[in-house]
Amino acid sequence: MKIHPNSTLLMIGDSITDCGRARPVAEAVGSDLGNGYVSLIHALLGATCPERHIRIRNMGISGNTVRDLAARWQSDVLELAPDWLSIMIGINDVWRQFDAPLQTEWHVSLDEYASILEQLVRTTRPQLKGLVLMTPYFIETNQADPMRAAMDLYGDVVRQLAGRYRAVLVDTQAAFDDLLTAVHPMALASDRVHANLTGHMVIARAFLKALNYTW
Amino acid sequence: MKIHPNSTLLMIGDSITDCGRARPVAEAVGSDLGNGYVSLIHALLGATCPERHIRIRNMGISGNTVRDLAARWQSDVLELAPDWLSIMIGINDVWRQFDAPLQTEWHVSLDEYASILEQLVRTTRPQLKGLVLMTPYFIETNQADPMRAAMDLYGDVVRQLAGRYRAVLVDTQAAFDDLLTAVHPMALASDRVHANLTGHMVIARAFLKALNYTW
Amino acid sequence: MKIHPNSTLLMIGDSITDCGRARPVAEAVGSDLGNGYVSLIHALLGATCPERHIRIRNMGISGNTVRDLAARWQSDVLELAPDWLSIMIGINDVWRQFDAPLQTEWHVSLDEYASILEQLVRTTRPQLKGLVLMTPYFIETNQADPMRAAMDLYGDVVRQLAGRYRAVLVDTQAAFDDLLTAVHPMALASDRVHANLTGHMVIARAFLKALNYTW
Amino acid sequence: MKIHPNSTLLMIGDSITDCGRARPVAEAVGSDLGNGYVSLIHALLGATCPERHIRIRNMGISGNTVRDLAARWQSDVLELAPDWLSIMIGINDVWRQFDAPLQTEWHVSLDEYASILEQLVRTTRPQLKGLVLMTPYFIETNQADPMRAAMDLYGDVVRQLAGRYRAVLVDTQAAFDDLLTAVHPMALASDRVHANLTGHMVIARAFLKALNYTW
Amino acid sequence: MKIHPNSTLLMIGDSITDCGRARPVAEAVGSDLGNGYVSLIHALLGATCPERHIRIRNMGISGNTVRDLAARWQSDVLELAPDWLSIMIGINDVWRQFDAPLQTEWHVSLDEYASILEQLVRTTRPQLKGLVLMTPYFIETNQADPMRAAMDLYGDVVRQLAGRYRAVLVDTQAAFDDLLTAVHPMALASDRVHANLTGHMVIARAFLKALNYTW
Amino acid sequence: MKIHPNSTLLMIGDSITDCGRARPVAEAVGSDLGNGYVSLIHALLGATCPERHIRIRNMGISGNTVRDLAARWQSDVLELAPDWLSIMIGINDVWRQFDAPLQTEWHVSLDEYASILEQLVRTTRPQLKGLVLMTPYFIETNQADPMRAAMDLYGDVVRQLAGRYRAVLVDTQAAFDDLLTAVHPMALASDRVHANLTGHMVIARAFLKALNYTW
Amino acid sequence: MKIHPNSTLLMIGDSITDCGRARPVAEAVGSDLGNGYVSLIHALLGATCPERHIRIRNMGISGNTVRDLAARWQSDVLELAPDWLSIMIGINDVWRQFDAPLQTEWHVSLDEYASILEQLVRTTRPQLKGLVLMTPYFIETNQADPMRAAMDLYGDVVRQLAGRYRAVLVDTQAAFDDLLTAVHPMALASDRVHANLTGHMVIARAFLKALNYTW
Amino acid sequence: MKIHPNSTLLMIGDSITDCGRARPVAEAVGSDLGNGYVSLIHALLGATCPERHIRIRNMGISGNTVRDLAARWQSDVLELAPDWLSIMIGINDVWRQFDAPLQTEWHVSLDEYASILEQLVRTTRPQLKGLVLMTPYFIETNQADPMRAAMDLYGDVVRQLAGRYRAVLVDTQAAFDDLLTAVHPMALASDRVHANLTGHMVIARAFLKALNYTW
């Protein structure tokens, strides 16, 4: 697997990453990882290659957009100095344009999204052993749906940044699209965003496959 | 308005109708109507024509399919002997086929749905002053979506029964479709079923317009 | 309707306006509007003319008098710079004189009420596209009742200010008086102030009719 | 005082009597008396004449009408065989006609009220050392108010039965009317029925004065 | 009654005075008075002489000793500038010596008690229309009990200060001693301190009788 | 120690014995023993002589009198067939006479107490390897106090039955009296009955000393 | 994978299987599977081969021994007629002998365990398409530990039954033993039984590998 | 017993010492001692030699390592100036190395542990009448277990410091090892650390025996 032994992997994002992680970090190991794809990746690594000693830190916060990430980047990423970093952001940047169309101060335009995200990636990349960029997703098969169409554009930003900055790309949208040939979105997430455990396993598997993990 | 003065209107259905109504019915008026379209209709009538004395009873129960309605029809409809009756059922009949595809015992096929619903309507109609049949709906613009396509077929059953049994038809799907030209489904219901207050107002308004209510 | 497309309407007041709105404002749209007339106006606009894009902000706080409004006017009105503003205040200014007759520091006299309210209206009016002034009310048919008599005097202040400052007047007292020819106050509010959903619909309808809204 | 030493006094009624009493009766003395006039009478007797050993049992149940009293008369009065009995009932019999005008099955007409109450009094009186009949009340000064007017008629039934069956009459309405010359109803009960502690003290004092209690 | 019309009476003390009063003081009248003798005095005055307009403020705090009173005297007494003041303190000063004999830092000796209390009374008396000093008490009939004996000495301090500073003396210990000829302490307070409602009525009555109140 | 290895010891009584034990008995060992003297005896045996394998069952129920014990004797003692049995009952039999003097149906007279208790002991003794009788107690130094005097009489019944039926006597009252020469009752139990952990240790130690346990 | 498409797989066991599953089964899919290895298997199948339509039912109940399984076998296994069945039982059969050594009625001896389990397997096997037998485990590296030694004997029963009845064997103990060469038991389960998510992933992976599942 | 009459004994440590003590310290005596060995020592002293007046303060905090102790030493030990001090620390210093092997910033190495602990002991010893050093423990019989082996090394540090600084040594590990010849660790603590009441009694007894306490 690509992640080096004895590395720390910091995973930052929104509610998909957060997924109910305990705050502040308590005595017990594990509860600080939440109940989503981050904890599944941790469990899969722990069950198959504990001797690699890969430590995961969950820095997701529900509701975050890329703007919120920038505001806490210094304390939540740089000061923790991880070896590897993964970023999955953008769902709320898009979503608020559709479920809160009148609250325009909550919207993050494609340009602002691309600009902030690139700024974070460019300045941080040199200090990392490895970077993983994960696309945002919308579990919707109809590509003409305006929110799906928008999400695809935000995902394209991630795809381009991955190429430009030598990052491992995890195309979560593609992973879900694959599965949606067999099941309806309702079987993965009633709101097409907050996935059930199966949906989180889809993300965890896409992540690990992109890193050449073998089970 | 078509509903006669001094009538009782019983409204039966699933979680959309139920919408958190208090059970058992308590001393206070109102809490037994829930927080959805039923309570909005009650409030609109009360604010504009209280002198008509139209009493509303909410008999919705979350998660119900037409099968569940049939099982409680005697106690929850017939024994209460309403003057007017409204029925909105079918969403769960369809939904379980998509969010629980393997739990086949929870699915209600189109044939079974049509058969049970007609049986209920045919035997009850003679005892009513008026009947309102409301289509189930799915707040989805993509008519090729399999769950939308299925919902439309179940809605067609309702549309046909309305004609056959002299019922007032409330086409909730059409009402939502109208609105969806201006807003995305996310602005009405994150899971495209459980509407927010605006969505319930859409249903309430469609109901009252079908009955020639003037505001 | 008089409110211009793409406007923000800020509605300020006491517990009738507040009505359980979530604080602080959370991610989800809607819960920040409470369960009263504000949310009903929002739902009615959303169900009938979403393309007008009228955004509503609820700034009511339970228990407020006009003195409390003045104390938070800078942060809660001026800094938010709404296009339209509605004010409904005065019920607690009067009520405390009757349910807490010995707590005189809680009372706001008619003079103080008129003086503070005019000060707020005069200085704010120039910055607004439109202003709505709503009378306080007491759901009491006996005009000789001392609290009703007092409320009418406070309402007169609002009526005069509306004329003087080109504001749309919403006479909530008159709207309730109309309805009380058909029902007893107990059917709208057991304490004659905190209305049930029907009572809030009365206010919402009076508001919208004053603005030439059509349903 | 009229109540004989070593007597049991059973007090039955609605929410005014009940007032939050613990059910089922627990080990601790006192919590089974609620927080209203019953507990105040108990405390006043206990603080001034504990040597009289007058035991009080609270049998009030919130929401009760005279119909509910009749239904539980055997178990809640006759089988407990009290020496003295007090009855205060009728508020809900009247109230439901005004706050739930359309729920006619909850209404108890004046005729039914008079008939049931007399039946209870006539058959029980011979087994009692003493009987106290308390009028229902409405803390409303406007005697033209329809609910006040109705309450006065129901109170008249109590006044007549007191004379006919040698009962001590406690005219709670008169006691409140006295006080309302000095304060507004809002200072005693925001809904004009559920009194605060001062209002319950008014009832307790009227009860004890009618029994020639000295403080 | 001795308390002048239109006066404010501030009552300060420990848990007996506090008795669950709401903090911070809320909109509603009454809940800020707790459930003990303070609220009973308020209710008795309200039920018999509301036209005297005597306002009561409860400033009791559970667990307080005279040391705690001194620490908050400026904000909780002087700045509120009451017309009349009542003080009941000393129970915890004594109690901690018996239930926490090793926590000597919690004990307040007789000398310290007398010294602080006199200091508070001497400096405040000139600003008051009237002062009420209430003895602490222990609902124990055995005067040889060490805690009862100690409480009597602390009570003597209060008795002497009442004479020296023209205060109305309320001898709560004497009031309880009277009653204990008829009932066991267990019938008033299982821990001989925290009285039930009957015990609080004993205190309220002793207070009012000392002020020549007539019922 | 007198209790035979591999014995079951069933301990029955009131709230002192019960002391919050979990019901129904759950998977986990220990929580079914409560937090009082029973669990302390269990812990002391477990910490010093686990090889004796003495199993303890707690059958205390809060509020019980000897009447309640008799009612559940068959299911809670006989059917469990313990080797050893301990009984501590009588506190509530006496207490209700003092804290609920008017609820005479809750009182258990000395005669009834002696009669029922002897009946239980006489019929059960033959089936036991050993019996422990524990006196009820009242943590009160004043032997002239009526409740203490009564408790001593009930204790005498236990003392006599212990002699008559070859039971080990645990004189809890004597154990507390010893300690009360050094501390005030308030240091052991604010209501002189429900002991703190030190008080429960006093009982546990008296129990074990009577059985010749060595620490 | 060995499990046939369109099969139902029923998984029965103790708290490891149960792992907090919702009861009764609610409307929502997923919560009825708990948070342990069952839900991980469900998620892995759902993320990789949803087109196989393998439905899983969780029938674990915390605290169960093989005795409890036998008692509910008819209703919880036979009447549900699964295609495939997995059984993991025995941990509590052994554990109670060590954490509750005196509660001998909770212990299930090796003989009783073997006898009941074989009885269940023998009678049920003919009705199944496939059977999976999972050993109980104890996450303890010291094979001389008496509880580990006992667990190995109970596991041997499972291993033998698997051979005798053509069942797929899942040796969970071996799977954990493998991992314990790299980590201490504390990293998987603080009590060496109730595994964290990594431990449950170990079980899920052992299960799927035994069935030739490919990821 | 070695502890001098009228002494204060401060006991500091981790969750074993803390054991749920109330914070902040409340009015009531006892709840500030938690439910573990500290409260048992308090109860044993109180039940047998209350006249010695030995006061105990619990300063344990869950999750603490020796590093955390050093950080709060000034406020939690030195400023409280106890006569006697007991320290039990080290379990978490070791445990985190095994249950959180990757969170290396939580680990305290043997060197750091020895260095900090000696520093605390050396500087504090001169101000104390007496010092008790308690070893950390792991309730594990297998001395080859890596966590047990590590705990023994940390315990050796305590054993050496006790000799060097004239402290009373309480070898909790030895006390548990004694008991483990008769019972399995599961009978004392399911996670081999957080003991049940029997386990806490083992610690309390070892503590008191080391101080020559007689029961």
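Observations on the model:
Order of writing sets the labels: A, B, C, D, E, F, G and H. Residues in every chain begin at 1.
The definition used in the following text is that a residue touches a chain if its C-beta (ideal position, glycine included) is under 8 Å from a C-beta of that chain, and two chains touch if they have at least 3 such contacts.
This structure is a prediction, so every number in the text was calculated from the model and none was measured.
The set of chains touching chain D and also touching chain E is given as C, F. Chain C and chain D touch with mostly matching residues; of the residue numbers seen at this interface, over half occur in both copies.
Matching A-B against the pairs in B-G, C-D or D-E identifies C-D as its interface repeat (over half of contact pairs the same by residue number).
Each chain gets a centre from the mean of its Cα atoms; for chain B and chain D, those two points are 44 Å apart. One inter-chain figure worth recording: chain A and chain G are separated by 33 Å, centre to centre, where each centre is the mean of the chain's CA atoms.
In chain A, the residues that touch at least two other chains are 29, 99-101, 183, 187. Under the touch rule stated earlier, the contacting chain pairs are A-B, A-C, A-G, A-H, B-C, B-D, B-G, C-D, C-E, D-E, D-F, E-F, E-H, F-G, F-H, G-H. Those residues of chain B that touch chain A in the complex are listed here as 95, 98-101, 141-142, 144-147, 183-184, 186-187, 190-191, 193. In the complex of the two chains, the chain E residues touching chain C come out as 27, 29, 53-55. Of all residues in chain H, only 29-30, 35, 39-40, 42-44, 46-48, 50-51, 179, 182-183, 187, 196-202, 205, 215 touch chain F in the complex they form. Residues 62-63, 92, 99-103 of chain H are the ones touching chain A in the complex.
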